[in-house]
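Chain IDs A, B, C, D, E and F follow the sequence of writing; residue 1 opens each chain.
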Amino acid sequence: MRFSYYPGCTLKTTAALLENSALKAARALGIELIEQEKWQCCGAVFPLAALEIAPFLSSVRSLAAAKDTGEKLVTICAACYHVLKRANHVMKTDRDVCTKANNYLQLPEQYRGGTEVIHYLELLRDEVGFPTLARKVKKPLTGRKIAAFYGCLLLRPPAVMQFDNAENPSIMEDFLHALGAAAVDYPYRTECCGVYLSVQNEEIVAEMVAKIINSALSHGAEAIVDACPLCHYNLLELQKKTPQGKSTLPVYYFTELLEEALDLKDKVEEKMAF
Amino acid sequence: MKITRDNLCSSIVKEIAEISGENVAGCYQCGKCTAACPVNTVMDILPHQVLRFLQLGLVEALLNCNTIWICASCFTCAGRCPRGVDLPGIMEALRLILLRKRGFSRIKAGVIPRVADKGMPEQALVSAFRKYTR
Amino acid sequence: MSVNLKQGPFEPLIIAFCCNWCSYAGGDLAGTGRMTYPANVRVIRVPCSSCVSSNFILRAFQRGADGVVVAGCHPGDCHYTSGNYFARRRFLLLQRFLEFLGMEPERFQVHWISASEGNRFAAVMTETTEKIRALGPNRKLRDTR
Amino acid sequence: MKKITKEKLALFWELLARRATLYLPLQEDGVVNFAPWKNGARVNLRENSLVPPKNVFFPQAETYLRFQTGAKKLQLESLEPEEEFILFGVRPCDVASFTILDKVFLEEPVDGLYAKRRRLGTLVSLGCNEPGETCFCTSFELEPAFAPGADVMVWDMGEFLLWEAQSEKGDELTAKINELLDEAAPEESASALSLRNTTAAGEAAAGCQQEWNTAGLQEVLRGKFNVELWEKLYHRCLGCGICTYLCPTCHCFDIQDFSRGLEGERFRCWDSCMFAEFTLMASGENPRPTQKERVRQRFLHKLLYFPSKYGLYACVGCGRCVRKCPVHLDITQVMEPIK
Amino acid sequence: MKRIGVFVCWCGTNIANTVNIEAVTEAAGKMPGVVYAGNYKYMCSEIGQSKIKSAIIREKLDRFVVASCSPRMHESTFRKTAAAAGLNPYLVEIANIREHCSWVHKNKGEATAKAIALIRAAVAKAARDKELWATQIPVEHRALVIGGGIGGIQAALDIADAGFEVDLVERTPSIGGHMAQLDKTFPTLDCSACILTPKMGEAASHPKITLYTYSEVEKVDGYVGNFEATIRKKARSVDLEKCTGCGICWEKCPSRVKSEFDEALSMRKAIYIPFPQAVPNVPVIDRASCRWFTREKCGICRKTCPAGAVNFDQEDEVLQKKYGAIVVATGFDVLDLDDFGEYSYGKHPDVLTSLEFERILNSSGPTGGRLLRPSNQSPPKNVVFIQCVGSRDKSRGKPYCSKICCMYSAKHVILFKEKYPEAQAYVFYIDIRTAGKDFEEFHRRAVEEYGALYLKGSAGKVFPDGDKLLVKGVDSLSGHALEIEADMVVLATAIKAKSDAPQLARLLGISTDTHAFFMEAHPKLRPVEAHTAGIFLAGACQGPKDIPETVSQASGAAAKAIVLLSKENLLSDPCVSEVNESLCTGCLACIKVCPYSAITEKTIEEKIHGKALQRRVAEVNVALCQGCGSCTVSCRPGAVNLKGFTNEQIMAEVDAICL
Amino acid sequence: MKQLSERIKEAAFGSLSSGQVEMVIGWQKGPLWWQSFPAFITDPGETASLIWDPFSVSNLNKYLLNEVPKKKIALFLKGCDALGFNQLLRDGRVEREKVLLFGIPCDGLVDPARVEATGLSKGLLQVKKEREELVFYYKEGQRKAPARDFYYSKCLSCRYPNPVTCDEMLGEAVPCQPLERFANVSKLEAASLEERFTYWSRHFSRCIRCFACRNVCPACSCRECIFDIAEPRWLGKAKESGETLFYHITRAYHVAGRCVDCGECARICPLGIPLAELNRKFIKDINELYGEYDAGADLDKEAPLLTFKSDDPDVSA
């Protein structure tokens, strides 16, 4: 299985943990993720203004590049997934914007949204398959009660993202089950963590995070997993500043658990020869 | 309060419609956006009121509220709106009007080193910059 | 003499085939509502949009029409249940084909206008007339005699 | 004999076209046909045209009458061709076809439209250098590189064209364009004759597969109206009009009206005996009900009825029908079993 | 040569003000075939019509054109005029120079020129008009009613009372429909069963009504007055005649399945009657869950039945019957809430739909009428009602208003408060719609007497919170985001068309609107008729309705059906397709596009070149053909032509207009 | 190939002499190297004259329309012909039980024009196919060249080289590697409106209305064609660009959703008008708008213009 892979800025810096674990697990699962050459930052937020085209041109370039290889484009960062998928949706559905973007980019061939953008979780669910994944697990996380946290970017807006049932998703729980863990259902799993508000309004975010953490705790969670570097930061750092004081729910990237369950955690990666 | 046709169809109202691509008349004030909003408690004008204000042409109040800066674009409201109104898009339009016209920045330069030091992901910084500055 | 051979500025001739149940009635409603549209439009009443043959459309162009509109009930609302669904396929293919041969696509239009859309009827006819006026006379499919 | 070097041809066409409408074998999309020359057109003197030049004298469709009806009275206006033209590059076989058409159209009752066009047109024939695979003009005692009926005879000698006027019209034309013509050297003039001989010999020689002996054919065909062979032959005919429309001697036409409201025009247009409607009568009766009768009609008309009436076969061996018939209903072959 | 007359109407000033009548009349007089052209102020008046009649006789007109208002207005008038003057009524054409000309154009010159063009087209068409004759179709004096809810029952009773045979077909084992599931009805709080059951009994015992329960209509052929329906009576596995309804069988049956009637809130047996008052009171074996049929074991019911009524070998019975009229009363479904995860419906047992709540209130329901929380069987203290769940929601639900939710939510508040006067009801609403007799008063009682807190706004999310439900919502009037701790949440779920309504529509040849409700022939003037003649609509299958509306529409549909059934013969429109057999190639493309199955193939024999040859051609059934003309376009050589709109006629119109 | 022509002779002889059929339609050879034409044989003794060679391009099944057999007619079908046969069947123009079909796998046929273009035609006596090569015979000797270089372009994009229907296959199925068939259509689509108009008017201006494209088409099977019907006269006979356009638009439109893409119209056009591109435009649009449809390939699939879906794409206004 071979896919184009779009890493994004955060994965190359503060969320290196997410990328490393994901890539390691992918190799172990026999998935080839070919990092795009000369990828550019997706812009982190999808431009909401109808008239703004420039901010997502870099995304379109990545999408077009993936189309050339004819492969699905895999993302790991929830923000990159969100931006690329929405940019692609616009290219597919809005003729006007599509024409303008093409005119601007002057690609060798017109791009009209032909690439399929998928998230690493979707890769696991649809390409690998959770049953297969479960079979490949070497160290099942049996007995661990883990709460999945989806956040916003994977799920919403539902009409465009079509990632899972937006109000009642199950992909991360299914993933946890595949790893042998017990998934904790709690009401706040699709709430917003506060995103970038942490830059300016830390107190608001701390309150939002507290609700999430408390909800997970009260439903018996021993840890929380997420798929987004920003959620990860907020949940991890700001739970220390929750009004109720310090709480200690560990926060993992979902790929960390994957790495662990596949028993890759402490192994030094063999150099891949390309 | 006096309501005039000029207010209702002022150029700025049109501009908001143009930037967001949304028709505020679509909203019938069911309040689901507000009910869905995770940060509604710290907003001075509630999400459904933002639409109502726009329907009434009261743009000035919106440009001076904190709501548009607090909205985190989590899209919960947009996903649940029975009328398919994209409120985050409208919030963005309101922000852009300020950011474009006055060239001001909502972000204080001082915070950057502080937060960056804490290992805050680039994603957070970039989005904050994208939302708060031009 | 055909409208577009008259002296003076170009006035397009537009033939509209309207289904009896929706669009013709929509045209009637435009009348009862006194909604004005250009006199360039001439309506031919047919039972259903599915009753409009490509032959008539091409014939109209040959004989000097500058634009042809076929108007029928909205898909799903056909008085005869399914006529406009067939018409939709036939006309979409014809439209794309004419364009393929180099005809201006604006010249042959299909609109779904219900009996209650008098304003839409008037708007469509006005808009079509303006578009065709801007395009100028149909020279491509016309009989030159 | 005069000559013109090939470098001057472009100038030459321009000069001719200034005198009168100039029809030349022009190539477009790989197809060569006679059409009025315009600057930039691609002239092809190597190949014969696909559609025979008969359409210059006898167009596929021509309007000759306009009418207008009022409440009571009918107004008529007849139309006639007015334009002088030069038809350049007609092959000798096609030149011979005009002799056949002349029989039809110029004998009483004279066809005014055709006659007028014959008067208005000057015919410049181009001799063939090499017989084509499907050529059989020699079967009708024609010469591939010489057309006695042309106003001017031209031969392509490679570097230059030889030019010889053969009629008064030819002389007139020569005078008009004399500035571009040079006198041909005697040996050059002589080369034309040798060309005539070699092509004639070439076609008549065994190497050419279409040598078809027509001697006595007319007699043979008499009384062959009801032979069983027709039964076998017609099956494969598709009933299209390729053979008749590409034939330089076929001349059947239909008369139709075109009207808009109270005014209109009358025109005549080619028709084909291969078409089912050709003999369809208003009553619905059709004396040639199947393709069998139509195929028989075509062959017998060319090779029996026409020669019986006019004393010459209505075929000049240009080979167009042989080449283009989609099912190879080849005139030179089908007659053999009948004989 | 034809002798055509043209009559130009002034329509008072309606036409005359914008169209130069004299110029038009003069131009019309010169058109080919026109021998007379005149004008009059009101052509449709008695005087106008008599002018036409006398001109027909005086000028020996053999057809005429009236240039006046829309043909949709007066075509039939002038056809009668023609008939009165001895002309075939189909030799009349109308040029619409009012709605399509004088009323929509201002410039007199342009309008006059256009009027002339329109008349020219009408004249060209009239010149090609042929005499057409309507044919008579006999009427089968029996009605089919599809759907045994209150709408179907009412329609059946009305038609039967008028003296006609009625077959009432119901898919489930009992008639009664949704109304049988309800506890009380608004705004009177009548017991639903108390008013419905007598009707069900009446229908069952009516000598003119035949009930086909547990049956489905599989196919409908034919046309108005002569429908032929295929009805499948599914095997009940219980003999209707022998069964006494004693109930031993379902007591003994060991298989338990969720009860459809109780909205899956209780269990029923594999052999069951859906509810105690079911009509017929005869159980049915649900073969999918019966042990005998799934495992070939058990057979307890057969063993224990004292009447020997259980019959495992019973087979489906397929009936074919003829009907003159059909009433469709198939009712509604409620929206599936899969897309509304924020309400935790299906995740928490205390979140209910209104219909489920209705069953819990009902004394014959799963709790025996005790209103308890499904999660722990405790009495609820705080109940939150959320309206417009999926209604008025163009994003995830249905854009329309479901019409009955405001009222039944008020009813639910009242019933809840009657049981628990100390408890509190909260109702989230977007707008309150109480148009109806005594509706507003009823709603106000819920607010004022029963103290329900009506909150204008919406609930954003329902969180399970311990053993409670936390409802996060907003009161938009005060501008406060709210949190309510609730014991139960009741969702007023949108009404939607039956999920198989489009299939039934295809089967019947009627149309559905964009939401799959059946379409009425005209929203105002023909609200109970389908587009297809002879088919009538009753109840929520045509759009959301409450009980009284359903009943009145059912009576309306019945009245329309009775009008039809009381005729001996019907006249058919002669503007139907015809096949020119000599041109017909027999490709039968026309059959594929005909919405009425009006075209069939037949074999003809003809002589070609002396040989006798058989070939197939298309044939139009004039009684079935509705004259849409789709077949004419599907026919490449133009062998099919629509009388009144022939290819020649439309082509002549095109030519004439283009002059 | 030799083997195949032997099998054709045998099949023809067998079916005629057994009395199973009353006529066999196959191909015979004329004196010129490219002349292979339809032959109608009723006498078993004449079956030896039947051939199969790289020029047996004529589609035989349209002849069935003229014949009224008492018994059966035997017919040889190439891949493209089989699609055409199915279309005739669907249009009710032939009766399956009245024909005996012998299928011929065909990987392509030779376009004489391509032979001429290479200059190989001079003095050419005969062309034979040997495996993947063509052998050109001259008085002086022979030459060889890869066969595919000389195939009709329609054959190079053929997607059904093996008959989809027949009673008996003569020969092994051949593999299929079709070239993209919509390349020209796409190229034209990308051109400007005026370029397209110029392109088509130039081509159509040559049309002589011989109707060969219609007469050869297996989808054009009307007993009386709309273009021939005098009342109403849809198609005038004048040489008018409007009339010619009407003819070509209507011809292509009438076979839309029915054209089996055999390419015979374009092959047969004496004036070289690229008629198949018109049909292919419809095929391409139908495939894009309503899902892949190959007329003649699957008789159970509803013809695209005789069916619909309620969510079909709308006609753009």
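Note that in this section a contact is a pair of C-beta atoms (placed from the backbone, for glycine too) under 8 Å apart; a residue touches a chain by one contact, two chains touch by 3 or more.
Predicted model only: the values in this text are computed from it and were never measured.
Hopping across touching chains, the smallest step count from subunit B to subunit C is 2. The chain occupying the central position, as judged from C-alpha centroids, is C.
If you compare A-B with D-F, the chain pair joined by more contacting C-beta pairs is A-B. Here the spacing of subunit B and subunit D, counted between their Cα centres, is 81 Å. Subunit C and subunit E, compared by their mean Cα positions, are separated by 31 Å. Per-chain Cα centroids separate subunit A from subunit E by 48 Å. Centroid to centroid, with C-alpha atoms defining each point, subunit C and subunit F lie 37 Å apart. Counting only residues that touch two or more partner chains, subunit F has 226, 234, 238, 240, 305-306. Counting partners per residue, subunit A has 159, 166-167 as the residues that reach two or more other chains.
The residues of subunit E that reach two or more other chains are 342, 395, 461, 593, 634, 638, 647, 651, 655, 658-659, listed in rising order.
Chain pairs that touch one another are A-B, A-E, B-E, C-D, C-E, C-F, D-E, D-F, E-F.
Taken together, the subunit F residues at the contact with subunit D in this complex read 30-32, 35-40, 58, 62-63, 66, 121, 123, 202-203, 206, 208-212, 214-216, 228, 230, 236-240, 268, 270-272.
The part of subunit B that touches subunit E in the complex is made up of residues 28-37, 40-41, 46, 48-49, 76, 80-84.
Residues of subunit A that touch subunit E in their complex: 159, 165-168, 187-188.
Contacts from subunit C toward subunit D in the complex involve residues 2, 63, 143, 145. Listed in rising order, the residues of subunit D touching subunit F in the complex are 28-31, 33, 50-51, 59-61, 63, 133-134, 207, 209, 232, 235-236, 238-242, 245-246, 254, 256, 258, 267, 269-272, 275-277, 290-291, 324, 326-330, 333.
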